[in-house]
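Next come two complexes built around chain A: one with chain B, the other with chain C.
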Partner chain A sequence: MFAAGIDIGSTASKAVILDGDGQVKAKATVPIGTGTAGPERVFGQVMELAGIARDDVAWITATGYGRFSFEGINDQKSELSCHAKGISHLLPGTRTIIDIGGQDIKVMRIGDKGQLLNFVMNDKCAAGTGRFLDTMAKVLDVEVSALSGLSFQADEPAEISSTCTVFAESEVISKLAAKIRLENIAAGIHKSVARRVASLVQRVGIQPDVAMSGGVALNSGLVRSLEEEVRCHIRVHEDCQLAGALGAALFALHSMRNCESYTG
Partner chain B sequence: MADVKSLLAQFEEISKNPQKLVKEYVEAGEKVIACFPIYTPQPLVTAAGMVPMGIWGGQCNPQLAGKYSPIFTCSLLRSCLEFGMTGVYKDVSAVVMPIICDTFRGMNSAWRAGVPDIRSITFIYPQNRKDPGARDFLIEELKAVREALEDISGNTVTNEKLQTAIRLYNRKNAAMRAFCRTANDHLDLVKPADRHHVMKAVTFLKPERAVEMVSELTAALNAEPVHRFAGKKVVLTGITCEPDDILGYFDQCGVAVVGDDLAQESRQYRTDYPSANSGMESLALHWFGVKGCSSAHDDNNTARGDMLAAMAKEAGADCVVLCMMRFCEIEEYDQPSVITQLEKAGLMSFSIDIDQSTSDSGQALTKIQAYAEN
Partner chain C sequence: MGETPEVKKAKRPLPKSRVMLNALVDSIYQAAWDAEAKGEPVGWSTSIFPQELCATFDIPVLYPENNAAGVAARHDSPRFIATSEGELGYSNDICSYARLSIGMAHQMACDPNYEPPAVQRMPRPTFLLCATNSCFELLKWYECLSRELDIPIFMQDCLFNYGDAKPAKHWVAYGRSQIEHNIKRMEEFFGKKFDWDKFLEIQKISVENARLFDECVMMNDRNPSPLNGFDLFNYMAPMVVARGRRETTEVLLQLKREIQEHIDNGTTTFGSAPQKFRVDWEGIACWPNLGYNLKSMKKYGVNCVTNGYVGAWSLHYTPGSLDEMAEQYMLSSTNVVNTATMMGKRADVANHFQCDGMFCHINRSCKFMTYHMTCGREIVEEKCGIPVVFFDGDQADPTIFNEAQFETRLQSLVDVMETNKEAKQ
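Entry: the complex of A and B
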């Protein structure tokens, strides 16, 4: 039998299937999140990749913003717990996790077994989030994935507010009007996000090793800016975007095993 | 004696329907004075023969308030202004507004411009509480409040009436503290939202009725067997912890609220009015006895964090939840030092956003759930 984790975020859906030994059987990501067909699609994809049917999955744990709305799950866990579990599995030795999600930022301090010791999250504000990056990319008329490459070619990063997405958007438009190079604006956007995130990191207190979780971690330009702000090396795993789903799958595996031992 | 469940239901009804109570008071020929948070000298209102009622705004998406109050204004005061401007508070005879933070300074002008039909009685609490002149200054401020209340009620507030009212409020404080202690032995019966409804309802009740009802509830709880709660326990701090959804999340995640430092709840019952030469002096000295409060300056910036740590440990809680009223600068200023002191004491803490202009509290659930899971 298999255990599955599904992470239904605000902008993407991710899923991971583990076999009975805890090995990753399949993983998938769909770039649309809660309230869309994304969760069903990603779950269909991951089962297809694993070559299994839904009946082969003994336990499904959901996490993320849309964790309460997915049909047929066995239980749900907060994304904080799942990112802590997932990153601890992918990058053992991690003590601080930074997760920039679609609509929030989380900074977690974890123990040696991946247990959550403390955390901070931004409150209802898009500044510094993945949504902020999406908005800025739209203003620059580039794909969000292009921001990283652009920022590496900057020679003088622009100064952009880290207070509010709306203010920052106006600033970026002003920079464009002032003919500031796109590369410098992209680097300024990363710096703006990094400053916002760094203030949260300071609140929870940084303890090495530091790792980044979530899809935004794939933006190496942003990771570099963040390293400069927090003055610390940040580890990024290639499966960083799947960390929440993996954590959920690990919780599912644990529940599945408990259930098996209970039922004999 | 009524059972706990029906008594809690009464508090919930009052907590959720203060307008009904205002109507009853007014129909009975009584005048109602709305009291902005926090530390409004309510004994003066009672001594003047009127009914003091707390006002705490409420969940609304302000439309009219934006005329005088920018969006980056304390969420609670903004909704109070909205309710004032839309007639929700139309039956009250006046509002008493203590200027305890910068937002209140602007609110004073905004109220006068936006709600001209409801008289505003304002006064200033001196923040330099160690200055020898602060006591005399505050007594003069309170005299102005007294005069305004006498003018509205047509009654004279004698020292005797005031001292009697002060004793009544100290009894109310004691009753509230006793309820909180007792509730912790019955966390199976008093859920976080129930606890909140009791605390909030009391801000709408006449003090003598509050003492009577809360004492009856405490007695009913004491008659029940003590419950050993096995789940996680937290202490809340901040201005308010509303709406009910948020308190429901604690219950949903198996977390109990075993203490609070909320301005809407225990903070106002923590400090008694001390003995003094006169009632007016007692009201003034009360302010100088306030400790660990974001609205009362303290040279010792660890005082609030230390107080919360002690409160949590005494109640067996391992976490303090900071209920951050959106755009409340005084609470924001306190947050870093509070967190530092809690961490030094080996306690966990996290903040949740309290915003009266939106009903979306999904992030609060995520945080509470994450705490409960670990």
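Entry: the complex of A and C
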């Protein structure tokens, strides 16, 4: 039998299937999140990749903002605990995790088994979140994935002083009007996000190893800015975007084994 | 085919103490309307003004903060807040109780079609009572009300306690002189002599009620707690609006009996769900979302067993001593003491109540209380070794709160508390 984890975020849906030995059988990501067809689609995809049917999945754990709305799950877990579990599995030795999600920022302190020990999250403000980056990329008329490459070409990063997403948007527009290079604006955007995230990191306190989780971690330009702000190396795994789903799958595997030993 | 009719769950009858409490509050509002009908004075007061004065004069007083909480809990605050922000141009950065109350006062004074809230309707006041002990914004709020309604204010200026020591003698003298001055001014304004013997009796009742309220709060230190912590948000009402009245004593005595019954029977108003985690809820209630907050917390077996805010009306002094009374009014609220003092006290309480965590309402309307929490979080973490988690909300403005954000933070707090429990075992 198999265990599955599904992470239904605000902007993307991710899923991971583990076999009974805890090996990743399949993983998938769909770039649309809660309230869309994304969750069903990603779950269909991951089962197809694993070559299994839904009946072969003994336990499904959901996480993310859409964790309550996916039908057929066995349980749900907070995304903080799932990211903690997932990153600890991918990058053993991690003690501090930074996760920039679509609508929030989380900084977590974790134990050696990936257990959540402490955390802080952003307040009611989109500054520094994935949505902030989406908005800025739209203003620059580039894909959000292009921001990283652009920022590495910067020679004089622009100063984006506003933390408010709406104000920063108008600030970026005025920089464009002033003919400031896109590369420098992209680097300025990363610096703005990094400053915001760094202040949250300081509230929890940096304990190495530090790792980043979530899809935004794939933006290496932002990771570099963040490393400069927190003055510490930040580890990133190629499957960082799947960390939440993997964590959920690991919780599912644990529940599945408990259930099997109970019934056995 | 018609749809299956919704089966409504029968509401549990209110405990006798709540019935008595509601009757008391209703009678206070009725007394204000009766006075208004006779053309007699009616006051509006900040929540921690020395109410012993008007109680001695037998002049009815209502409390906009308490009223705003009720209006917000019934989801009726947006229309008053809209008047403040729109028609009157007040910033949405200021306290939502202030925005609600100023909007209500303006509608009352200027709108011939003014529609009052469905319950706890406040008559238009003829004077104001303002003590600056619970918030820095109160002075401006009451100045605005005074201008809006063209009525006088009786002031009790309270000083901020920067140090850890008790207020200095000259501070106490300053507080006492204001009480004496207010009595003289009130004698002129009400056209009545102040009855010092009656004043002494009311002081005695107030102090007795403070003692009883504290006892009820402390009885919740049992495990399982006999009360769902949010109950205290309701039972603090008589301490706010009628702490000098015998009826409040009766309510609190009844409450104490009911709590003792719960302890004896091993029952609790939290319900049948196990109380897996005990938390200290810090900050004012998130009134528009109180039901959701409670439901979510119950879902995870989290009971808020204590709250620092509800104790702000427990004033302990020797009846007859104006100095002690003045000193108490200068110390009563956690917003007139420094962060180390406030959060140190909260840490001591969290330890006493064996809390597994602290859940803090980051409330844009109560900036100073919020400041204490954000700056003093480490004090609690170090003294108690428990997680301190924040969520955004507001005491009366429903536009700030987000259910999904609340639950994510709550669930993650539960995960950390669970990890800590496992580590202890």
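Going forward, the second predicted complex is superposed on the first by the 263 of 264 C-alpha atoms of A that agree within 3 Å, B and C clash if a C-alpha of one lies under 4 Å from a C-alpha of the other, contacts with A are read in each partner's own complex, and residues count from 1 in each chain.
We take it that a contact is a pair of C-beta atoms (placed from the backbone, for glycine too) under 8 Å apart; a residue touches a chain by one contact, two chains touch by 3 or more.
It should be emphasised that the depicted structure is a prediction, and the values quoted were computed from it without experimental measurement.
Asks: For the overlay on chain A, clash or fit between chain B and chain C?
Replies: Superposition result for chain B and chain C: clash.
Asks: Would you sort A:80 into first (chain B), second (chain C), both or neither based on which partner it touches?
Replies: both
Asks: In the overlaid three-chain picture, which partner chain does A:191 touch, first (chain B) or second (chain C), both, or neither?
Replies: A:191 contacts neither chain B nor chain C.
Asks: Using the touch definition from the top, say if A:131 reaches chain B (first), chain C (second), both or neither.
Replies: neither
Asks: So, does A:65 touch the first partner chain B, the second partner chain C, both, or neither?
Replies: After superposing on A, A:65 lies in contact with both chain B and chain C.
Asks: Would you tell me the residues on chain A in contact with chain B in one complex that are also in contact with chain C in the other?
Replies: In chain A, residues 65, 77-81, 104, 115-121, 123-124, 203 are touched by chain B and also by chain C.
Asks: For chain A, which residues count as touching chain B in their complex?
Replies: 65, 77-81, 84, 104, 115-121, 123-124, 203, 205
Asks: What residues of chain A sit close enough to touch chain C in their complex?
Replies: Spelled out, the residues of chain A in touch with chain C are 65, 77-81, 104, 111, 115-121, 123-124, 203.
Asks: Residue numbers of chain B touching chain A in their complex, please.
Replies: 324, 326, 336, 339, 343, 348-353, 355, 358, 360, 362-363, 366-367, 369-370, 373-374
Asks: Across the complex, what residues on chain C touch chain A?
Replies: 362, 377, 381, 387, 389-390, 392, 400, 402, 404-405, 408-409, 411-412, 414-416, 419, 422
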